Each structure stands twice: as structure tokens, then as C-alpha cells.
Amino acid sequence: MSNNAVENFEPKILVFACNWCTYAGADLAGTSRLQYPPNVRVLRVPCSCRVNPQFVLRAFQRGIDGVLVAGCHPGDCHYTTGNYYTRRRFLLITRMMDYMGIDSRRFHTRWISGAEGPKFQQVVTEMINEVKAIGPNDKFRDDAKIEVKAVETNE
Amino acid sequence: MDYAYYPGCSLESTGIEFHASTKAVAKELGINLIEIPDWNCCGASSAHARGHWISLALPARNMAIAEAAGLDVAIPCAACYARSKKVELEVTESEEAKEKIEEIIGRPYTGKSKARNLTEILHNDLGVDAIKAKVVKPLKGLKVLTYYGCLMSRPPEIACDDIEDPIMLDDIMTALGAEVLQWGFKTECCGGSLTACRPQVGLDMTKKIMDAAKKSGADCIVTACPMCHSNLDMRQDQLSKKYGAYNIPVYFVTEMMGVAMGMNPKDLCINRHFVEAESTLGKIGKTSEGGEA
Amino acid sequence: MSNIQNEMRAVAKELLESGKATVVLGWEKGTMPYDSTPVMIRSAADVDKLIWDEYCLQNLSTYLIDFINTEDKVAIFAKGCDTRAYNRLVHDRRINPKNSIVIGVPCSGMKNPKVAAKTPEGAEVPMANACKECRYPNPVACDQKIGSDVTPWCTAKDFSDVEAIEAMDADAKAAFWKEQYSKCIRCYACRNICPACNCTNCIFDQSASGWCSKDVNASENQFYGVTRAFHVAGRCIECGQCEAVCPSDIPIMLMNKKFIKDIDTLFGNYEAGLVTEGTTPLNSYQVADPEEFM
Amino acid sequence: MERVGVFICHCGSNIGAVVDCARVAEAVRNYPGVAYSTDYKYMCSEPGQEMIQNAIKEHNLNRVVVASCSPRMHEKTFRACVEKVGMNPYMFEMANIREHCSWVHAGKNEEATEKAIDLVKMAVSKVCKNEVLQKGHAPVTKRALVVGGGIAGIQCALDIANNGYQVDILERTPSIGGKMSQIDKTFPTIDCSACILTPKMVEASSHPNIKLITFAELEKVEGYVGNFDVTIRSKARSVDMSKCTGCGTCMTKCPGKADDEFNMKLRKRTAIYTPFPQAIPNKPVIDRESCLKFKSRKEGKDVCGICAKMCPAGAIDYEQEDELFVEKYGAIVMATGYEQFDHSVYGEYGYGKYPDVISGLHFERLVNASGPTQGHIVRPSDHKEPKTVVMVKCVGSRDPEHGKSYCSRTCCMYTAKQATMIRDHCPDTKVYVFYMDVRTPGKLYDEFYNRTREEYGVDYIRGRVSKIYQEGEQLIVKGEDTLLGQQVEIAADLVILANAMIPNPDSEKMAQTVGIGYDKDGWFTESHPKLGPVETHTAGVFLAGACQGPKDIPDSVAQAGAAAVKVCALLSKDQLETEPTVSVVDTKLCSGCGLCVPVCPYKAITLETIQERKGGKTVERQVANVNSSLCQGCGACTVTCRSGSANLKHFTNAQILAEVDALCQTMQ
């Protein structure tokens, strides 16, 4: 990857957002017109505890540049305890990703409440800027699959 | 306890009592004050009106010399403290400011060396218990008002004590055995900086404070700022001529400490005040009725 | 060692003859000197097939899964690690403790058959990797025991190998694992031998589910590797069988031990396979767990 | 065969000004599964909805994606829309291209359009894997719980009870009445607070449908809408309620003394006490912290016992303990009210150390005829009538630095009220009010404020107070008159601070117990700031009064009535529809390991034995089973399940993977 290409690199970030807090926080960012770079795509799940680490791995396999898993603050879970499991799972998976050589800046878990529109804006903005700086993800990628798809879409 | 010592211009002139008493007391308390070699004026009273960068560069040079020696700086004068603290915060918070200041003074200053108010050192680093342990002549029977003025308490980011109700001088004076009276003028501005340009305005401000002091029934005022000291001490004569008698001695906290530690008032320069200050010390140890306490 | 072997045969004989057991699971000598393979004995006449030597590495507990719905009474010989595996399987309700008899055998560590295969006969063969770090050479629970307890040679978990990987930079780590998992042929031997990988239907056998594909490449293989390690996280009993059976010599325990290490540091020391009920680190939580996600 | 209809909404210019909606519709037209794609100005409008319905019929669509605002806004609308023409509402998905796209990427039209295309493709990929789901049904317990017995709780309970439903009021103090019982008069009519409150308290206590549970705390809430199991801690009263006649003899000789909280600690009360004379129930409790008997017991002694000796009914029971009991409710109303901000954080007002600098609530007790001074306005320090009173507004309100960023809404009016009361009681007393703004948006409120100044001669000074200090017997108040641009100095005898309203200190814990949201300050959050002001995000839990945010009495009463209507609507149903988006176990895949069982917060998963044919014979084995009426659909079990046998309907593994894949495929 040449420096020039990295400079023009627009990463894609996938956000798994829990319906009750982070999705509402992202909505609040919208209603408050808080601007952030258009590189994120929010995928709604009922609770952060619904996010199987395998979903995250899959996204990296398919070539995503960064993943954010976000839910309610501990103690605020709509389902009372969901995010406590999220916390255990992702404390471990974050370390495993790092162990596998995936830059830890590409993968974050964060608590963002329904009242924290500005925090949503801040977290995704920072993440996009970080990922932009380190360039496209080339770890864990299933290049074969990505290339095949590329050919298909070009047709 | 080693500190770089920055006396500043006041302590070599109008605040000579502060200088003398600070050195005497520090020695007694085991605080090693190492005067910054070749220090310069911090520019406190005028530089910030002249220009932003000069007002930062002046104290920065002193701080840089101390930093090279790896010492925090003990500053008795509240005005010098405020300016020096300001530059310390400026270089810690802004890389840009740090570079600019270093370029002007021609030496490195990273903010690692901290500006410390002498009162804060006495109160926090040494502690009132250590002060109490050195008291041989408790200031029993002496009713004092503590007066902090504005430079020790404002702005909030520089203040080393509670900004609305500072207590460090209160604690020290209590440790010395004095009775600290409460009043509402601890942080009131004495008008010191207006005495030259708007004398009447400044005098009115001083009058308010002195009126309140008179009303309180206190024997004296204790301060830690040479500006406030000279203003309150010197203007009483002027006030008396205009509005009737004002005769309340104003001491530096270090003078009081020296007295309580049994030092000779003359060695502390207490004989050099405008308002006669030696006779008030005679009240020490007496009850208000005149008997022995 | 031969004393234990004799005792094994005697116990097996007694169990089968008395009808207390209908099947005895043990080891017999394989074709090569470094080969001791599982054997299933149903007749007292066959008990002399049973052997006990320094290559009885393979964990027998997983075979009990196949007996869950049979009328058989199964006796198995179990080393320390095998008893932890047994507990794991009981915990996961995959075997029926009521129709099994566990005969504990203290173990002094097995030799590494992979190294033995490449070593001239008679030369010294090192211990198997997992055995080198074994903290439970004696059975943690059994119905009866033969032989006498040995002194464990390790008391604390050894994470030096994990730490060595952790110390690498990101590119080196990625390159290391990519190389390792490029070798994977997805034979699933690691899964099949694993006492914690005991699902009736593994997701890697459900390619229609969309979870995974049958493709064999570094990416898919790593997905398999991380996922399997995550599935056994908090449940792995450190027998090292996954790594021992891997035909491609992938250091699978390095993955499992990474999770064990992090679980210990994050959630407090945890020893899997010592009990048969209660929660495991990943289906429980503490409100005061470390907080990094603020 | 999936036939997806895609409808891109412009939302006027809200989306259309940033996202090229026509291009989005065009871009997905040939995307796998899409049979029809179009864009329109307002998809949620009637013509917009008709457009969707017609397209479903014309193009034989079996799935619909609408790209518009947040599903939290209009998912229900569009589900109902497709259902009207016979489509299962769960065959519908929404792509949020407003809150998550056009509104946050203003001016970046190209990138926002690309993002919208991605979001739509994700939604299409998901909807292709959606399945027909049917709502379930659950019974309804026809009884409501109102937490908090202040004016909001009382009014709400009365409204529910008068509709014919059973309702319990749970109150943590010994009596219902709340803050309103401490207030002397109410604005803008200056009628006596007790005179209008106590009849309601009596009505609540004697209503056949209302049960009062006082001196009790909410311990735990389990279950779900229509079927809450609430654990209540009934605190030890040390008085047997069934024997006590409320005669009050016990209180006459009690030697234990404590600060009287009801009177803002302006006087002492006995250890066995009722908070105020009109308390309901009018039966005392023993405050064990100040009771000599209980204090002596801690030191291994056992003294006093005078109250037991005095009680003619033998109702004193020193051995009572806290009791936990579980009650079933169909709905819960939170009416836990507010607390008063503590002004002692303000150095400029003396850090709370001047006795004659008091709060508004202190004043209410001072001016109350049954208060500690029998209604005489005097200084707490020396009981002299003040000749000059300074009032300061916005103490803790509109001050993010030391207090709260919000406006407490009630202070302008209660300050005006208190100013007129001072002028009424002490006509010679001068009253000054320091204010930032005067906010009087209520019926007859501004008229009242004008009277305060014009008829009562209260002097309003626009500016903040910079310092209050004691000088002799007086308090010197220094401030600024910003209209005159002058410094002001007033020698006052009494200073009254209009302290902010803040949530109860344990409101966050309370919200967590009940499972509702709260904002940065700790107020409970409503489900929608405009359209769902009394609902919470948790079905079956409603809000009334100041627990949601600062409110005066009329607003609290109005909201209480609104909450009651919502409760009655819920309780009037014999069965409730339950969301079908719950977890389900594929027994073929399940190994029955049971790891998912402890993970479920609703205890919805159990292991059950099934029979199956295996190798020619019938065998039994255990598998996990989800009780769909208990499951709330969090999905915790789905990740615990290694084999993927536990799956969450409408958020299945396959659906989420499809979304992930759809997003990643668009990247090349």
C-alpha cells in the first residue's frame, strides 16, 4: 500500500449497537445533528450480549477495517445482566485479537448510553481517525473470497 | 526538604520582613531554601499589561533555572506565585506555548519543576503538626484575622486553597495557639494595584477591609502577600487622617511563626512595620481581662 | 510401571467377571513402540491386552459419550487429566456418571510420541508438551484408584510460551498464526479428541448455517482456531490432546492457554474440570469485573 | 423466492437534502432479492403508506424494506402498514438513513449516499432471511403498583382505583403525602397545601381499591409487563399496625430525640414519631437510630421502654424485623419524586455554615402554622423577625459548574410565592430577589409574578450574588445589578435560596432495580420526549411526577392522570400480546449442556427431557427449552451456545451474518 493510497483511504467501520442504549445514543447524535465521518455502519442488535464474537471475526475475514461493539453501561442493561456477559466475552476476545496480530485499534468495545449522543460521535470519530491512520486491514482476511466477490461485482 | 527559593523583588524591598522571617522560620523547620541564582523579576505587577509572552517568559526563566537543578520552587510572594504558576500550567498544557517560551528564554522549561506557594508548603508538605511541635511561645490570647487577598485565591486554576473560603493560614495560626476570628473579607481585594492609578478607589477598598477588621475586635491581621501587607499596613495612616483612627498591625504569617517559635521580633523585622507592631505582641499570653492566660 | 499394569488387568478382570462392568476402556500396545492405543475390552479373557506404559497419552473419557444411551456399565482407566476431562463431560451432561466407573491411575507424565517417532530407538524421549506443565498428575476424582500418588512436578501454570507470542509485534504475531493455520487441513482431530468440544452438532459441521465454510485457507482456518478456542475458553482442562493429535503440528494449546491466562488475570484464577456443577467463567460474571470499556 | 420491495424516504429535505434517494433506490434495484425499488417524499404519510401497500399487491412482494428514520420512530407504523395488506409484520425491516446518516453527515452528500446504499443492502440481506413470526399471549395481573406516595403517586393511584382496578401505593417514609405535605401554600392561588392534599390522602387511605404499603422499600422487580413479581421490604416499624389506634400517647413521653426531617431539622422530634400530625397512616414508627432502647441494645444493655409502658393497646413491638414479601402486579408507576439540592457546595453562599441562609423548603416549614415557629417568619439563629430578606434564585440550577445544567422550573414561582408571603406576614420587611431570568410559563403565573413586584413591592434585582458573609448579626449579600451595571450590597437578616430540584440520591439504583433508563442527572427517562412522556422503555412501567424531571404540582397531577390512563389501558386487557422476537432452541442441535441456563436473566431456560429415535430405539435426553412468555429476547443464551442451537428470532445468527456479509461485500 503506497502512502498516497493510505492517505485517501476511507475505512469502513461496523458498529454493533444495542437497541436500548447505543442505538438510541446514535439516534440522539442524529437528532442533535452531531456530525461525524460517514465511515460507520450501525447494525442493530437487541443487546450487546447478542453479539457473538464470531460475528466480529467474520467481519474481519470479509475485510472490514474496524469493529465497534457497543452497549449500555454496566448496571443499565435493559435486560439487567446482558452487558456483564458482553464485558467478560469481549475482555477476552479483545486480547485474543491482539494475540492473533490484529491491531487493537481496529476493535473496540464501549459503553454508550441513550443519553450519550456526544460520546457516540466522539467514539466513532476517534476510531475512524485511528483506523484511517493505520490503513486497511490485511490480517485475518479471506482474500480469496474477497477477490472472487470483487470480480463478481465488477461484472 | 529542599526547595529552590524565589524571593522576588517585593521581598527585597517593601516586604523585607517577609524575607527575613521566611528564612528564619524555614531554617528552624528544616526547610532548605536554595535561592535561585541570578533570578530576575517575575514581572507580576506590570508585564501582563505589556504583553502576553513577556509576562510568561519572565517567570519562566526563573522556573527553568530551578528545573535544571531538579527542584520545585518555593515562592512566598502571592503575586510572584501566581505568575510563576501561570507559566507552569501554560507549558504543561500547551506544547506550542512551551516551545515558544523556551525559544524566548533560550533554555528548556517543561513544567516539571512546580511553582509552590510558601504557605502551601508550610501547610501541606510540612503540615501543621510539625509547626505546632516547634512552638515554644503559643500565641494564646491573640485574636487574629487571616487575610489571603486575591492573588492567593484567584483565579481558581492557580489557587492552592479553597477559593471561596481558604483555610491554610487559619490552620497555621490555630496551630500557633492564636484565636482565629471569622470574617467575610478573607479573599476581598485590598485595592493594592489601584493605589497609584486610582488612589481613591483603592483607598475605599482598603477602608472596607479595615472597617470590618476594626468591627471584629481582632488584635491584628495576618497575611501571606507582600502587596496586601504593604497596602494594608501603609494606608492606615492615610485612612486615619481622612476617617479617624486606624491602628491594627498587619503581620506576615512567617513573622507570627517566628514569634511563636521564640525568635526575637527584631530579627524578624517586626520593628520595621508602618503600624507599630511590637506592642501588640505583648498581648500574647494575657487574657482579655489582662491576667495571665 | 508393570505393577500398575498388573493391577489394571486384575481390576479389569474382577469388574468384568463380577458384572460390575460390561466394558473396560484402557490402552493396548499399538504397532509402533511409541504407540499405545485405546482398547475396549468386553471379556475377562482379553484383559491381558491392557498395558500401562509411558505412551498411554490418549484421553479415554471422551469415549464415554458414546455410551450415554447404552445399557453398558463402563469402567475406564483415568490419569489426572482424564479425570478432569471426565468431570468436564459430566458437567456438560454428556456422560452418565451413574453407568461409569472411574479407576484413577496416578501418572508420572507421558512421553511425546511425535518426537519418539523421529528419535532413534533407545534414545531419550522428552515428555509430551502438556505433561511437562501438568499440575494434576493424580486423579482429581475417581471411584477407585490403583498405584500411589505422585508428587506434582509443576505447581503453577506456565505461560512463558504465551508471553513470548504476546511480546511480538502485531505483524509478527499475524505472520506466525497465518503460517501455523496455513498448515491446518481441517481434519477436526483436535475437536474430536477434545473433552470440552463435546457438542452433538458442532457448528463446523453445519456449513449451511452460514457460520463457516468448508474452505481450507488461512483465514477460514484461523476462524476455526479462534472460535474453537473461544468455545472451550473457561472449560479447557489442559490435557493437550488437541495439539498431540494434530497432524500438522499446530500449537493449538497456545490458543487455549492464552484464554486461560487472561481468565486468570481478569476474573481470578480458575481451574477447569475440578467440579461437575456450577458456572464457568464465561457463563457467569461479577459486577466488579475489570472495566475497560468506559 | 424472496421478493423484496425497497422504499427510500426523503423525509422532505431531512434525508433528501443530503442523500440522493433516487440513486439509492436505483443502486439496489438489481440487488439479490429485490423485486421493486422506489423513493418518495414522505414514506410515513398516508400516500406513502398506500404506495407501499399498492406495491406489495402489484409486485407480489413478500418482504419490505423502508429506508427512512430510526426504527425507534416508525418501525411500528410500517409494520402496521404492511400488515394491513396481509403481510406478516416481521417480514419488514428498516434502514436508518436519517438519524444515522443524513443528519450526521450534512454536506457530505456523496459519502452519505454511499452509506445509505450500504445500509439498505444490509437491511435487504437481513429481510431475505426474516421469517413469519406470530405474537404470543400472556395473562395480565389486574393490579398496579405505584412507587411513591407523594401527590403524583396519590393522584395516580386514585385515578386507577376509580377506574375499578386494584392499586398499591408503596411509600418509603412512614406516611404518604410527600414533599407537598411539607409545603405551606401553593402558587399561584396561595391556597393552603395541606387543605388540598389531606383530603386526597384520606381518600386514598379509605378507598376500597387502594392498599397503602408505607415504611417499605422496593427490593427487586422480576417478570415482565402484565406479570411483574415485585419483592417489597417492609421495614420494621416496631409498632404493630393492627393493634395501634394512633392515639399518640407513646410519643408524649419518649426521651429519644432526633432532628425532625419533616421540619428540615429546624426542631427535634421524638424517637417514636409520626412525621406530621395529619400523617396517613397516623400510626407511629420507632426510629431505631435515635431510640434509647435500640441504642442501648447495641451496647449490650436494654433500657427505657417507656413507649411500651405508655401504649394502652400494647402495640409496641421491639422485636419486629424487616419483612420481605412478593406481590404480583400487571403495571408499575414510578412516582418517586425529587429531593432538594444541597447548597452547601457553594462557597459564595457560605458553604452552608450560616444558619440564616436557608433553602426554600426550610422557609415553607418556617411559615407553616404547624411548623416549628407556629408560622412566624423568624431567623433560625435568634428567632428574631427579619427586617430585610434576600432571596436568590437558580441555586444549583442552570449551573453546570457546581450544580445542574437544567432549569428546575418551579423556583421562579415558589420564590415569588414566598416573597409575597413574607410581605403578607411582615409588612415592614423589605424583600429583594436576585434572579437570572424570570420564567413563568403557566396559567396565571406571569400575572402572579407581576403582582409580586407591583402590589407586594418585592424588589427584583437581575444578577447573581457573588458573596454572602456574616457581619455582626447581619448577612452582607454582595451581588451585581446587571441592568444598572452596578454592584449591590444588601445587609440582610435572612437569605432564602431557591434550591434546585434534584433526583432522589438513589434514583439510579432504583432505575436499575426496576429496569428503566435514567439521564445524566439521574432523572428517569421517558420512552419519547414528546410522544411518550409517561411511558418508559420497559413495557408496563410508567412515570408520574418529578421523578422524570422537575415539575410543579399541576404538572405532576396531570402526568399522574396520564400514567393512570396508560395503566388502565393495560389492565383492561385480559391478555397481552407478547413480542415473538424471543429465543428458541433447535433441539436437534442442542447437546443439553445447560451452560445457557444460568445466563438467562428471566429464568426462562430450563432443561427438559425429550425422547428421540436413535439407532433403532427410543432414547431420552435432556435439551434446553425456552419459555417464550418469560424470554425477553436479549440473546445472551445465543452466544453461550457453542453449537448455535439457541437462536434469537428476528435477530438470528443467519440474519446478522447476512448483514455483516452484505456490508463487507460492498467494500470492493
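The first chain written gets the first letter, and so on, giving A, B, C and D; residue counts start at 1 in each chain.
Basically, contacts are C-beta pairs under 8 Å (C-beta built on N, C-alpha and C of every residue); 3 or more make two chains touch, one makes a residue touch a chain.
Note that the structure is predicted; figures quoted are calculated from it, not measured.
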| item | value |
| --- | --- |
| Interface with more contacting C-beta pairs, comparing A-D to B-D | A-D |
| Geometric centre distance via CA averages, chain D-chain A, whole Å | 31 |
| Where chain B and chain C are represented by their mean Cα positions, the distance between them in whole Å | 75 |
| Cα-centroid distance, chain B relative to chain D, in whole angstrom | 52 |
| Centre distance in Å when chain A and chain C are each reduced to the mean of their C-alpha atoms | 35 |
| Per-residue overlap in chain D, given as positions that touch at least 2 other chains | 599, 640, 653, 657 |
| Contacts with two or more other chains, residues of chain A listed in rising order | 53, 58, 75, 81, 85, 89 |
| Every chain pair in contact, whichever chains are involved | A-C, A-D, B-D, C-D |
| Touching residues on chain D, where the partner in the complex is chain B | 346-348, 350-351, 467-472, 476 |
| Residue ranges of chain A touching chain D (in the complex, touch as defined) | 10, 12, 14, 19-21, 23-24, 26-27, 29-31, 33-38, 41-47, 49-53, 55, 58-59, 62-64, 75-82, 85, 89, 113-115, 121, 146, 149-150, 153 |
| In the complex with chain A, residue positions of chain D that touch it | 70-72, 96, 98-101, 103-106, 108, 111-112, 114-115, 118-119, 122, 508, 512, 515, 517-520, 525, 537-538, 581, 599, 601-602, 632-636, 638-640, 648, 651, 653, 656-657, 659-661, 663-665, 667-668 |
| Interface residues, chain D side, partner chain C - complex | 588-596, 598-599, 607, 614-615, 619, 621-622, 640, 642-645, 653-654, 657-658 |
| Residues of chain C defined as touching chain A within the complex | 165-166, 168, 170-178, 211, 215, 217, 219-220, 222-223, 226-227, 229-230, 233, 255, 258-259, 262-263, 266-267, 281-283, 285-287, 289-294 |
